[in-house]
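Note that subunit A is present in both complexes that follow, paired respectively with subunit B and with subunit C.
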Partner chain A sequence: MIDDRRRINPPSGGTSAPVFARTVKEPEYLPSLRPTRERGPNDLRKIFLQTGIVPSASGSAYLEIPITQSKTTSLIPPRSSLKIACAVHGPKPLPRSAPFSPHLLLTTTVKFAPFATRNRRGYIRDSAERDLGVHLETALRGVLIGERWPKSGVEVIVTIIEGDEDAWWGDSFEGGRGGAGGGWGLLNVLAGCITVASAAIADAEIDCVDMVSGGVAAVVQDQENGKEASRLVVMDPCPSEHRDILAACVVGYLPSRDEITELWFKGDAGAPPEELIEKATHAAAASMSVLREVVLEAVQAKFQGQLPEFKGKSKRKNDQPDVEMTG
Partner chain B sequence: MAPPPSLQVNLSPAELSFIRSSLAQTPPIRLDHAKGPKDFRSMRAECDVLPGANGSARIALEDGTEALVGVKAEVEKSQWRPVPGESARLTAAGEVTMLDVDDAADKDENTKGKGQNSWVEISVEVPGFRDDDALPVFLAAMLTETLLASGELKDRLYINNRFHWKLYVDVLLLSPLLSYPLSLLSMTTHLALLTTRLPALKSEKDEDPLFDDDWDASVQLYGKERQQIEKPPVIVLAMAVGSNIIFDPSKEELAVADAVLAVACTTSANSGGRIVSIRTVDPPSHLTPPGVPNAMNSATGGKVPTSSADALTQRELLSNSGVWTPPRGGMKRSLLSGIVKMVVEKGGVAEEVIEALQRVEIG
Partner chain C sequence: MATTQSAPTLTFPRPIFAALSPSPFLQAHLAPKNPIRANARAPTEFRKPGLNTGSLTHCNGSAVVRLGNTTVVCGVRAEVLRAEDVPQPIDPKADEEDDVEEIDTLRLLVPNVELSTGSTPTFLPGQAPSTFAQSLITRIRSLLLSTRLVRAKDLRIMYTPPRTTEDEDEEVQPEVKAYWTLYIDTMFISLDGDAFDAAWGAILAALRNTMLPASDWDQDLEMVLCDDDVKKARKLELRGLPVAATFAVFQGEEDEEGEDRSWVLSDPDAFEEGVCRESVTIVVDGKKGSGKIRRIEKSGGTVVGREVMKGLIRRSEERWEEWNAVLKG
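Entry: the complex of A and B
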């Protein structure tokens, strides 16, 4: 990987969070800080989604999964949240030097902001970010009808302002297993990226076969009174709320065609992965309900006053309550 | 991003349409018509080819694609971490604090959960690609993920509280990219890991590690004496055309795929196949040029559409006419579970591949 030579970088080992004296002195203090999942296994976290936030881009969207507030005395927030911004530039003509392409050339860039995670990310994309970019491209490529734009390109640029963590911060002190494969937060981030990019593409008015939305499900094993509880499949897992994530799966799902354009499964599910994939598609369908509503609202706002049939319905948002997400 | 030029095929829309319709038949007729849908391309494999590495393997496919994998192990100092409850005196500048002797006693039989993901490093080198291009990054990420998935490998790299093995797996594609290399690279890595040997440890507990210099005394990372442990995972590539599932597709077959799936699977002696990772691969078929039907081509006596809107509607009506149109959308869930079942079932594809690779090592 290329080094970033233009800036003065911190030590490559990364900076670790400060160790608070109390966590070392009192053994029972640290486990008391561990957050637990308060929603049911099939309940998702609430999503905030808005389109049209970047005026200079042809389409853009912002997605946020807010932190659920909980009483804590610790300085460190118990859970992480997810904040993703996406801008779509194009379709625009390819530069003259580029070879002929019978298709719309899709470029996806996923970048964590340097402050997005507990460990600082550099300015140059690392392999995890590039890998996320490949996943996102796979999810979107099947959805775009590329042959309608020969000789043109579109850029999907996703910036992660705040990313989900891979595990609870205290696990690095406790010496917990920290998950078999690690990197569980990336799955949540990818699901968010798929949903937000789909909203931005709809905002850019690029022809698609369907809207794609992302969903995550995981097999978790929590501890109850020191004993290992049985395995449980949960939708939309927040990695810091679970002691051990055994396997997880993210899908990019097209509800009206009942197809999957992107599937990323990893870990040891114990059983065949069908159940996990099924749950992940349910989670994706649930986030689709939000996505659909938001895109519809954006279209109505755009054509408000232009078309007679929209005139009466412009207050739609106030008529209907926000969508409550359940599996 | 443009696809890697070497993975694009120069086939006309008519040829693509022909390959697709023959693959969509029941039973499918593959490009190499002697092969069934589950048959792999033949290959030559050898192991222990690099004298300077802890383990190595080389596999050459019949179409000329060749991969070489070397595994190197180095002893590295572990990062010290504070433990709650331990009356650790934080001495100046992160000095290593030794644990009490009595709780170090039960350490050696229990290395479970001690391993860290960063102890295994995989680099993939594909000629003609920079190491930060999408393809090598994707290949390296998938290979790393499958190796770390079970958590057993990294736990075996634990030496004591202060030291661990660091495993460098260097994957080289020696030939130009003649087909999608994922399964070839994974099979070569599998073979190299099976032959990997680590020097036998002579020191005890938290002493500075001291090793036996006798190579015959070394321990195998995935040895025969550890029969109960899982084999390193193998990735198989499967593609779907219509309702047919075809394994190990060639480059030309990939160009007409509806969807491509990479499935990583491992087997152990007591249980059958187990899936550790699945990823969809973006099929190159999305980027093939669409065909122009005679009815829309003035050179063949057709009528050119009057407007672009007219052209669009005429194009949309083409989907079942046999004129090549790049596939859209994704993969049906039933097809997906079909692939998964064919890989993991008793006597399925994964078991077959791993058994075949096992025989290379013995012979």
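Entry: the complex of A and C
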């Protein structure tokens, strides 16, 4: 590995993640750690969303899907939560050197924190992160009214503090299948990115045709009592809770216009895939209800004291008079 | 500033005044008898630290620190470095207190800082780490080593081989089979000044929160195996509690008597950092009167002399008490 001279480098000999004794030595211990889905197939995990976390940005938001975890005695976390922060900078004028653009130029950057996943990640963006950036850009470009900002650019920067996993970590140990191709966690991460970026864009007050939200659905085949169960379509799948994911789909969906700006489909859904896409839009509509509430609350807080119906209870902190400048 | 000429007066909203002429704006706030900074703090007032630990799933220790509008997430992750992968082995010295060389040469502490997360419009992603980010991380690493915060003893994974001979008197020496390497990754979510104090506070809190699993060398598998039992995991024994306090010196324009006016502002925000050139960072360990100075960094100007520095050290000790209450509370 080439040393990165701008950062502090790890030991040149290389390090490895710790291996836990009981997972190696006791064959029945590992499967006992496997998490299972406790929600119904149409129930989503709870979403926490907040706007305005980066005051120096024009808009920002934070999304978290916490894990409900009882107190465990093991140091190995059974599954991962989802924690995403997003900051929007702009719209601002393009540099002079840039060619003329009749509409708003959108730049999206998605980056995992080094501690976001079970395996440590590097600081330089890899192909999966670039891929996510492109998908996010397509999802957002469909909602922005770009013609209103000629010659300007906007940066949407998404930091994934913790991301969903591609499969249960023990599967790589057992030499299991881990699904067709894997990479299922990225779909959940993309759905989260779309929702959080949408909230940040609303917070930045950039004109949009509608708010977009992300949703995921998957076809899973779980084993029950050693027998292969029938196929089941679930909304908001947590990949570590399922033994086999056959297909999954993420959409960027505009519920009030019934439009899809982004669709990413993976795997073999078998029979007509419409059901899967339908379920994904249902999941997106459900996260939209959270998004809408949060954005509305933020707008109310912002305009408190300015709108007539709020005037009575003005609570502006910076209620200071203007400063006079003489000379 | 204020002239008696009957010039047409201009009135601006505060943000525009601040953006147009930042220096006079700050001076207008600090000049009165009871100076209040533009961010509604007194010059000697720090922002109260907010702390939340252990929220990251995949870390051995983690912390989120808030200083006003500055938010930092720090995660400590331990990985195993096998002794045979070390190019030049270092024998532990007899004196356990003298272990900096071991940690430094083996690079057992790997701190890094990421600022281009959209935390501030100045650092946008897609570029190499800025000079500021690089100097920040170098200062943090050097402080980690010079305060000897982490003990090498805690990071060694020892193994005592079984007796091979019948001789009962033969001493079996435990040997170092591997080391824990601590990756200390610090991400700025939002940056509004005083990056060093916030990052250091987060690192300190995350290291205090770190649990290393019980580990042993397995002779058959020839690898380190850990125990996933929470009860058997142990905390790091840190040496002391060094707390950083940063000050910015604002040099205003001369007053009517032609005297220089200057103010030393505790815990500057991004706006104040943009106006001030001189800055002082003091790291102390211990409460008022008994605090030990662990480091003093000063750059950029000539206002802070010996007398002012004494006052700043007192202010740093007060700050230590604040952090101490937050970290131990």
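The rule we apply is simple: the second predicted complex is superposed on the first by the 290 of 327 C-alpha atoms of A that agree within 3 Å, B and C clash if a C-alpha of one lies under 4 Å from a C-alpha of the other, contacts with A are read in each partner's own complex, and residues count from 1 in each chain.
In this text, contacts are C-beta pairs under 8 Å (C-beta built on N, C-alpha and C of every residue); 3 or more make two chains touch, one makes a residue touch a chain.
Source: prediction; values computed, not measured.
In the superposed model, A:I161 lies in contact with subunit C only, and not with subunit B. In the superposed model, A:G267 makes contact with subunit B only, not with subunit C. In the overlay built on the shared chain, the residue A:S127 is in contact with subunit B alone; subunit C does not reach it. Of the two partner chains placed by superposition, only subunit C is touched by A:A87; subunit B is not. Residue contacts after overlaying the shared chain place A:V24 against subunit B and subunit C alike.
In the superposed model, A:L105 makes contact with subunit B only, not with subunit C. Taken together, the two complexes place residues 13, 19, 23-24 of subunit A in contact with subunit B and also with subunit C. Residues 6-25, 53-57, 60, 62, 67, 72-77, 80-81, 85-89, 109, 111, 113-118, 120, 123, 155, 157, 159, 161-162, 318, 320, 322-327 of subunit A are the ones touching subunit C in the complex.
For subunit C in complex with subunit A, the touching residues are 1-3, 5, 7, 9-14, 17, 20-21, 25, 28, 56-59, 62, 69, 71, 73, 75, 77-82, 85-87, 106-108, 110-112, 114, 117-121, 124-126, 128-129, 133-134, 137, 141, 181, 183, 185, 187, 189-192, 211, 213, 215-216, 218, 221, 223-231, 233, 270. Subunit B meets subunit A in the complex at residues 1-2, 79, 81-86, 88, 113-114, 117, 131-132, 134, 137-138, 140-141, 145, 148-151, 259, 261, 274-282, 286-287, 289-290, 312, 315, 325-333, 336-337, 340-341, 344. Remark: subunit A residues 1-2, 13, 19, 23-24, 26-27, 29-30, 101-103, 105-108, 125, 127-128, 130-131, 133-135, 137-138, 141-143, 145-148, 172-177, 180-183, 209-210, 249, 252, 254, 257-269, 272-274, 277-278, 281 touch subunit B in the complex.
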